[in-house]
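Take a look at the structures listed below.
Common to both upcoming complexes is subunit A, partnered first by subunit B, then by subunit C.
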Partner chain A sequence: MSLVDTVPVVDEGTPPSPTRRQGRRVTPLRRKQIITAYLFLIPAVVFFVAMFFYPLFNELLTSFTSGLTDPVPVGFDNYLRALSDPVVIHSFLVTLEYAAGSLVGSIIIGLLLALMLNQGLRGRVVLRTMILVPYMTSIAIVGLLWRNILDPSVGILNTALHAVGLPGQEWLNTAPLQTLIGITVWQESGYVMMLFLAGLQAIPEEVYEASKIDGAGVWTRFRRITVPLLAPTTFFVLLVGVISSMQQFGLPYIVTNGGPGDATSLFVFQVYQETFTNQDIGYASAMAFLLLIFILILSFIQMRIGRRKDLV
Partner chain B sequence: MTLAARPARRRSQRGLDDRLFPGATAVSYVVAILLALACVIPLLYMISLAFQSDAEVQGGTAVLLPSTWQWGNIARVFDAAPFGRFLLNSLIVAGLITISHLVFDPMVGYVFAKFDFPLKGAIFTAILATMMISFFVRMLPLYVMFSNAGWLNSYQGLVVPFLMDAFGIFLMRQYMISVPNELGEAARVDGASEWRIYWNIVLPQTKPALAVLGLFSFVFQMNEFIWPLIATSTEQMRVITIALPLFNKESFTQWNLTAMASLLLFVPICALFLFTQKYVVRGIAMSGIK
Partner chain C sequence: MNQPNNGLSRRSLLKAAGIGGLSLASAGMLAGCSVGLNKSSGSSSTKGKGKHGVTGERTGKELVIYMNAGHIYKAYTDLFSRFEKEHNIKVTVNPQQWPDLQTKLTAGFLSGDVPDLCEENGSWWSVRWGTAGNVLALDDYIAKDGKAMGFPSDFVKAGVEVRQANGSTYAIPLHLTCNGLIFYNKGLLDAANVDAPKTWDEFTEACKALTGNGVYGAALNQDSSYSLPWVLQAGADYFDASSKKFLTPEAAAAKSFALQQNMVYKYKSSPAPVASVSYSGPQKMFSAKQSAMILTGPWDISPIQTGSADIELGIAAPLTGKTQSATLAGSGLMIPAKSQNADLAWELIKEMTKLKTELAVTTETGMTMPRKSWAENSAVKSDPLLNVVAKSLPLAVATDKPLSQNNNIASITTAYTTMYQQIVSQQTAVDTAMAKFQSTVKSYV
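Now for the complex of A and B:
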């Protein structure tokens, strides 16, 4: 759920900038403004075309062929194959389960933390810092560290279990997906907490004051004010969370290698395998495009609903 | 949405008359402290692990703290693999990308915030839409492109796909909308060049947003995993995030050295975070604002 993945809602109602808006006629001054704007934009247009839209176009073409070497056009074959391939379907379902688990976990813990810290607990800055550290830590470190902690023979969790007379556990064998979910919740609850804190701060104090005067109790205020007014934030967390969970690569790559079996073969890990291990390039491209379509659908839902502020 | 003056402590006093049940504040403290500890204890354990002896990490029973702190592990990790080089590579790549974001993102954001021109809406939408393009869609075409250009396994190969960032552009545009026009207008009347207006007048007013942008760009690039994994093939060009799991695979019994190598990345990022928290908090809050 990293920051760079977030998709802010485009505010279509942005008023035109107040500079130079003297009618439709192209005055020399306005022409100069237009030229300036385009000059400033040249690097960006070149970059985004070369590094985003051209690769996207290439990937689309590849997805309709047999591969990169001696490509043969195959129409929608790769897509049809992917949509009926049990491996791909399994991988998609596992990813959805991973997304659901890690979102439910991090939303519950993140909201709980935000509500507690928002009460003005003493030392909340220190607590907030501690909670955010995992989020700032690289997935490479997080993955390796948890692999060590959970290791059945040298890991400290099993040592602790043995010390109190309990049998050791092989979490990465018996509950691999749940373990990855747990690691994600550990890493990302802090980020979710920050989003909820921002949402809580945006609720006007007057709303609470007014309801207090009306005699509403704490629980009523939470249910009738806090929960509905946090709905946009929750919705944002959900969508951003699903989109970023769909792209979780580091954990299966470092912690489980997709296994045991195919228990943690998250979708993009599967795409990576098809691309670089099996080198089934056309097929992998189609899978990547299906992912893109899924993300686009979610993003459009977000934009639609995000605009209807009265609803959320 | 503005960065400035978020009334951070406005409601810090609330809560005293808002208790759900008697003792709720005490329970809040206990739960919050326990959760905060759960966040940092694994990372503290990593520090302990880094200073344990080989016998302790291979003994079959994990120990919480080393019996004697093995300061020699610091030197050993650099002997075991060229971690200095890996860290330097990470710093070079993340540094170059951060500089590029700081140069280009505000420039583009400025145009969208302050100028009117044909196709403005279309270009802006197209740039924002790139946020939805998962890296896994670009991964293979970029690999092929860079392979043909001979850019795989080079600094330019690691840097170029990330030179600009739609989120950074969006952030800077939002911030620049709130920068007043008057000074720029006055300078324009005085005959200042457009570049001077941007560079000397507008840009200096966006320092808080630049700080957020620079910090996030740097941290995220230091932590970047997938592209360096694909785009580098020799030890010379390897960055530290990729080197860590590889090292662990080669010497999987030496968890102490893996942990020590992890600290090489963790400690600087963590220190940076502690010193610039204000900006991190602001940046995350902004990512959620619509």
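Now for the complex of A and C:
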């Protein structure tokens, strides 16, 4: 008897409803249990309503107003303005570039590290921990650390270059966005590595052994076994990575303050600028909502693709 | 056998606990959401309630002050200690950097959780927030005490005017400084046989002569406000209210940006500034003897003298291009409209702006002050550094004064910063960067 034979067949079109399925009336005891369960849930629900949905709703209302402390209704003006504002469009494009660069970089480096540390290397536990440390470090510390490393006059990197007779580089002026991407990859790769490591260890060794017997080389095994079987992990990394990259704020604020010029003015940094520097709360709220809508659409598309490819 | 119902089963106890927790959570969170809405009707104390501000739990007990983190001088902290004793109140000082102070105040105005007294940075803060009703107009207080405290007669006019709009005054000047002074390392200039420059040409030549052996002739600042003295010296205006044009005449303004760009990329006598939240990069290079000169203001005297006592600091008057000019800087004190101790805050303003306090701060830090009697004081006149600053103050122009009530003033500043950094940090052609700036700010006026 196979395992499949022992599993009862469930009609997926029928939602699981014990009371309806059993055709029974809800007993007083059962009703009390349900009420008790809801009573225990209510604090959490109230917490989310008060701390998440209420501010969200409040922000939605604010996005239709203008003014700091005496808001005036302006309808959809803020949304229309944001969609045609070259500063906003520029910051959105910069954010897309940043998200794409940091995601691709983190995935490639994280996967390479995971493949390396999945081998029986001596000291691999220490190495894994060391590689994970940047991810566990506060973004403020990471920002200040790299700011000091990359400073063209007193930074460690240029001092090292000078020491070996090479000219110093102005990383934060000549390639500011690429530098931010590099810092993000440095910070995130350890986390991505851990996810891929978990995925790699879930792949049965027998699959590799069978392929070896069939004559598959290293590259073929990687391409035909590792990559497809890591697809759900890759999908998760992509989904989470896109959301967090689109919301990046700390790095541009601390390392470059959005500059030079507007080179690293990521979208959320621009929202911050509109809120606290330009004092245009309604406009900033509209921008934040447009970003939320974009991330929701992107996540929805990713989920649809994931479901179609059976990744979720 | 059924247990007798004693009225408190474990289930009902848990249920009661759940309901209790729910009530507490709801009350706490809803109270948190309504910050500032009920403070004016707080019943805790009404002692000390004046004509202005609101009452709340701090009223008459604690005076909260937000100040720039670099301005918490001993002269002020000593004064706060005396003030605490005299008025039987606790003075709490919350130090912040300017950008963080702006963020904190903006959030405070929205939530109603504001300090009783706040230092402002001399730009649009007091006027814009004042005309919007977030900061008190000090007219009643000035009418009562102005004559006795010498306001405005004993204060430099430009420092007062920048805090006034529609006939009201929204802040009292605390420090009055100017940007565009030449700070130079006497030792390095003497070694290169170079005199302190007076004109653009002399400055350019001095920079070339001083650059070498790991030292730059000068260090430009990433903060765009440091570029405005150059614009004025070129004979251009930042904003001309009559024509509603920025950086006009454009050719003159372009000349000033071209000079700064050339210093970095053509003469290589200044490093390319690196964008950051701090304006102290050039001062740190100067203190580390990596730069022979910087263009700055009196706020850098103290960090240089305390951080690098071996540097013999010299200060020269602002340069002359087409004209000799500097930009007005400094700070002031304003009272938020929802201050819980507005009357006491005003009393403290009077103390902090007395000549005696000004001189104590100057002696301690070298900071320059807004009173005319301060500039006339013998201690100031006999100080070779302060004397240069005091003589330069009349040259200072408040560049964004014509825009102080424009709701887009911060966006305009952001666009200007973008343009400036593109020119000096990214070597974008001056014409291209200026055209982009003009196109961005066109709709803001």
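Keep in mind that, in the parts below, the second predicted complex is superposed on the first by the 274 of 312 C-alpha atoms of A that agree within 3 Å, B and C clash if a C-alpha of one lies under 4 Å from a C-alpha of the other, contacts with A are read in each partner's own complex, and residues count from 1 in each chain.
Just so it is clear, contacts are C-beta pairs under 8 Å (C-beta built on N, C-alpha and C of every residue); 3 or more make two chains touch, one makes a residue touch a chain.
Given the structure is predicted, the values throughout are model-derived calculations rather than measurements.
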First, second, both or neither for A:Phe40, with subunit B first and subunit C second: both
First (subunit B), second (subunit C), both or neither touched by A:Gly261: second
First (subunit B), second (subunit C), both or neither touched by A:Leu292: first
Residue contacts with subunit A in the superposition, subunit B compared against subunit C: B
Which superposed partner A:Leu197 touches (first subunit B, second subunit C, both, neither): first
Partner chain(s) touched by A:Glu170 [first = subunit B, second = subunit C, both, neither]: second
Partner chain in contact with A:Thr95 - subunit B first, subunit C second, else both or neither: neither
Touching partner for A:Val87 - first (subunit B), second (subunit C), both, neither: second
Touched partner set for A:Ser245, first subunit B, second subunit C, both or neither: neither
Partner chain(s) touched by A:Thr275 [first = subunit B, second = subunit C, both, neither]: both
Residues of subunit A at both interfaces, subunit B in one complex, subunit C in the other: 32, 36, 40, 43, 47, 51, 54, 68, 153-154, 253-254, 275-276, 281
Parts of subunit B lying in touch with subunit A, wherever the complex brings them together: 6-8, 10-15, 18-20, 25, 28-29, 31-33, 35-40, 42-43, 45-46, 49, 57-64, 104, 107-108, 110-111, 113-118, 120, 123-128, 130-142, 144-145, 160-161, 163-167, 169-170, 177, 181, 185, 194, 198, 216, 219-220, 222-223, 225-226, 229-230, 240-242, 244-245, 248, 255, 258-259, 262, 265-266, 269-270, 273-274, 277, 280-281, 283-285, 287-290
In the complex, subunit A residues that touch subunit C: 32, 36, 39-40, 42-43, 46-47, 50-51, 54, 68-70, 86-87, 147, 151-154, 170, 172-173, 176, 253-254, 256-264, 273, 275-281
Residues on subunit A engaged by subunit B in the complex (per definition of touch): 2-11, 16-21, 32-34, 36-38, 40-41, 43-45, 47-48, 51-56, 58-59, 62, 68, 109, 112-113, 116-121, 124-134, 136-141, 143-146, 148-149, 153-156, 158-159, 162, 186, 189-191, 194-195, 197-199, 201, 205, 208, 218-219, 221, 232-233, 236-237, 246-247, 249-250, 253-254, 268, 271-272, 275-276, 281, 284-285, 288-289, 291-292, 295-296, 299, 306
Parts of subunit C lying in touch with subunit A, wherever the complex brings them together: 11, 14-15, 18-19, 21-22, 25-26, 29-30, 32-33, 99, 102-103, 106-107, 109-110, 128, 132-134, 222, 271-277, 281, 284-285, 288, 290, 407-408, 410-411, 413-414, 417-419, 421-422, 425-426, 428, 433, 440
